[in-house]
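First chain A sits with chain B, and in the next complex the same chain sits with chain C.
And then the complex of A and B:
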């Protein structure tokens, strides 16, 4: 376990030594503050509007950070050849994958926490109250969703060897699943038998990220807390999906030839 | 360690060594699958067998594409053998624990450029499970050895090529290894750097450590190695003590090497 956390520490260190996170945070903060300072619709209470924009930016930024950080891990290690001195140590490939996953998930979590703190400060200052439970649920659900995405991107990173192609493909896949994934079963019902079956199979195969996305609207419209049982179920679903993805990653990577 | 110089012509066999074998390679075959449609698979190593004894400096030589790198890749766990077996300290090389007592210096410097020298060594040291207090002392010692103490807090991306090579040597020594695998350790180093590496190898030898040394610098190999193996086209061609080979063939190591790989000198035009 020490090896896994040691590898994870390097991922986190890399995130805060690179500029990506700072740039995204500053952009998110500037856009939110700018939009919040202008009253476009002559409404007295524009808090909902600020919440919507800020949360959207947080979702996009956290996705960018999670995918960009994860997608370059193994391909960049192979490209810059840092993987050779690393694997020449008593580190198994399973530990390497686990370490990369934990590191990317923790790094994304730290970035997400910073974004949510900023969000809470901005909204709290406007609204005058802070529904802590709702924020904790929203943070946890989004972080769980990021775990699924990170595990899938890690799986992609042992297939696509170039970091840039992995980032692009991962982004396209994550956004497609997030936006279209929930509608596949309805689309399947309208298709001829074989295509319908294929779409239905795809619907059950892909991760349902939209379940996690729904919490965003509850926060915007102040709809109160989700049932904790539902949060637990969603967490279990995320854990199961992450477990399967990491197993698949390990199976693909464990005997892969790494040529110097 | 009195091993007769042996020219291998037909069936390779495991060469007996006097001390306990640190590295044991038996009938190793490394075959790469075809890279594309209509391409054949590549046989990089063909039934290689050799032992490296404890405490010796062993030179592993061969021209480019001879199968040296493939063999080293198997030893370091970067790829599984197609057939045959390889073990380090009696542990199958596929088991990561086989690398617990190894230090590896790659030919070129491949280290995390966003880390400082101290952070890099701490990271690698933790992977070996070295206790915190001991690790601090080890870091101090290896940085002193490679003369990088003043630059320990600087990011590696700011290092010169020679300094990067030295941090490579420092990371290879962080676990006080019993076996050091050096892949072209002096490439890119100035004469002073080369001398330093040579001194370190000699010091390790005096401490009873084993060194597996791959290099194209045959003069250097002649100076530091106890035994050598020359492979060509994936096959072991010659194995023996450097002094015995030179005496037996009545020529220096470079000429022996060229003869073994079948090089015919061209007359000047």
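And then the complex of A and C:
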């Protein structure tokens, strides 16, 4: 377990050495503060549009950080040949996969926490109250969703040859699921038999990221707390997908020839 | 050497500044001049109208506190045994009752709206059933001053497309009716009027503001008279004119004339509404005309 956390520590250090997070945070903060400073019809209490824009930027930024950080982990180790001394030490390939996953997930979590702190300060100052429970749920659900994405990108980094193609495909897949994922079965009902079956199979196969995204809308529109039981079930669902993806990654990676 | 370089730099800087002051007005003319100052227009072109419409719909999403059927739900509804709704061509936030006639028609509109916003039937599988636990499933409208949350989207919509008349009238309605901001509503309508000088809809709303909020019936009457003229100029020649708006204008004008004691003019205006088929309740207007005639005879 120590080995896994050692590897994770390296990934976290990489996050704060690189500029991605800082740039995305400054852009998010600037746009949010700029939008927050606009006066509409002399109404001081308008706040939902700021929540909407800020949360959208947080979602985009966290996706960029998670996908970009994860996609380069294994290819970068292979390219710089640091993977060989790493695996020569008593580090198994499974531990390497687990360490990279934990590192990327924790790094994304730290970045997400900073974003949510900023969000809470801005919105709390404007609204005058802080629904901590809702914020915790929104943060946890988003972090759980990022775990699914990170595990899938890690799988992609073993399957695809270049990190760029992995990043592009991962982004396209995540966005498609967020937009269409919940409607595939209804679309399937309108298609001819074979295409309908394929769409239905895809609907049951994909991770339903849109559940997690819906929590963002609940936060914007002050819809109250979710049942903690449902949050636990969603977390278990995310954990199941993460487990499956990591197993698949390990199965592919353990027999992979690492020379470029 | 350093001084020489500094002098050359100063000379170049001065030349550039002087040239810029001379060329700027000409460059303004080269680019057509009229709209080059609008950054969004330069960047987005005609795509602004699509974005403006999206912003307007976003205001409607806010009005429903995030509960809004997606295009898939609507499509599903149209093929289902439980139809969701008639086509919602314009968002519900725009369907506010505009006068007594509108208020009479409102309950049926409201029923249709409730139907259209009904949840899309039973979930088809466990994924959809579980997903609904996270989605917003309660159909509520903003109230108690929270209508203000729609305003940024309406403002942005007009920034993107200043010729979208409905946005001005809808924003004005919520500003003056729910938020007590008649002054801001008036200013916004005047902006709309500057961008759309021939809009009878904006004039109708402006008249309502003078009448209902400022209780200035003279100005309201003047504005509605101009609105009627604009309607005749723009709509009368069309194969399918917007008679609903004409009905609202003339009925309101008639009411003012009646209040002022000009019963004959009130009768003429109500006759216009009937002849143009501009009222869903012509019989009620005929009865009103008869009553006015009786009062006119008594007066004489």
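Rule of thumb we're sticking to: the second predicted complex is superposed on the first by the 254 of 260 C-alpha atoms of A that agree within 3 Å, B and C clash if a C-alpha of one lies under 4 Å from a C-alpha of the other, contacts with A are read in each partner's own complex, and residues count from 1 in each chain.
Just so we're on the same page, a contact is a pair of C-beta atoms (placed from the backbone, for glycine too) under 8 Å apart; a residue touches a chain by one contact, two chains touch by 3 or more.
It should be emphasised that the depicted structure is a prediction, and the values quoted were computed from it without experimental measurement.
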Contacts of A:227 with chain B and chain C, given as first, second, both or neither: second
First, second, both or neither for A:67, with chain B first and chain C second: neither
Touching partner for A:91 - first (chain B), second (chain C), both, neither: first
Touching partner for A:177 - first (chain B), second (chain C), both, neither: neither
First, second, both or neither for A:215, with chain B first and chain C second: second
Chain B versus chain C as contact partner of A:146, first or second or both or neither: neither
Complex contact set, residues of chain C against chain A: 62, 65-66, 70, 72, 75-76, 79, 124-125, 127-128, 130-131, 133-136, 138, 148-149, 151-153, 155, 175, 179, 181, 184, 188
Chain A residues touching chain C - in the complex, by the definition given at the top: 38, 40-43, 45-49, 141, 182-183, 185-187, 190, 203-204, 208, 210-212, 214-215, 217-218, 220-223, 226-227, 230, 233-234
Complex contacts: residues of chain A adjacent to chain B: 2-3, 6-7, 9-10, 13-14, 17-18, 80-92, 95, 255, 257-260
Parts of chain B lying in touch with chain A, wherever the complex brings them together: 32, 69, 72-73, 76-80, 96-100, 102, 104, 106-108, 110-112, 114-115, 119, 123-124, 126-129, 168, 171, 181
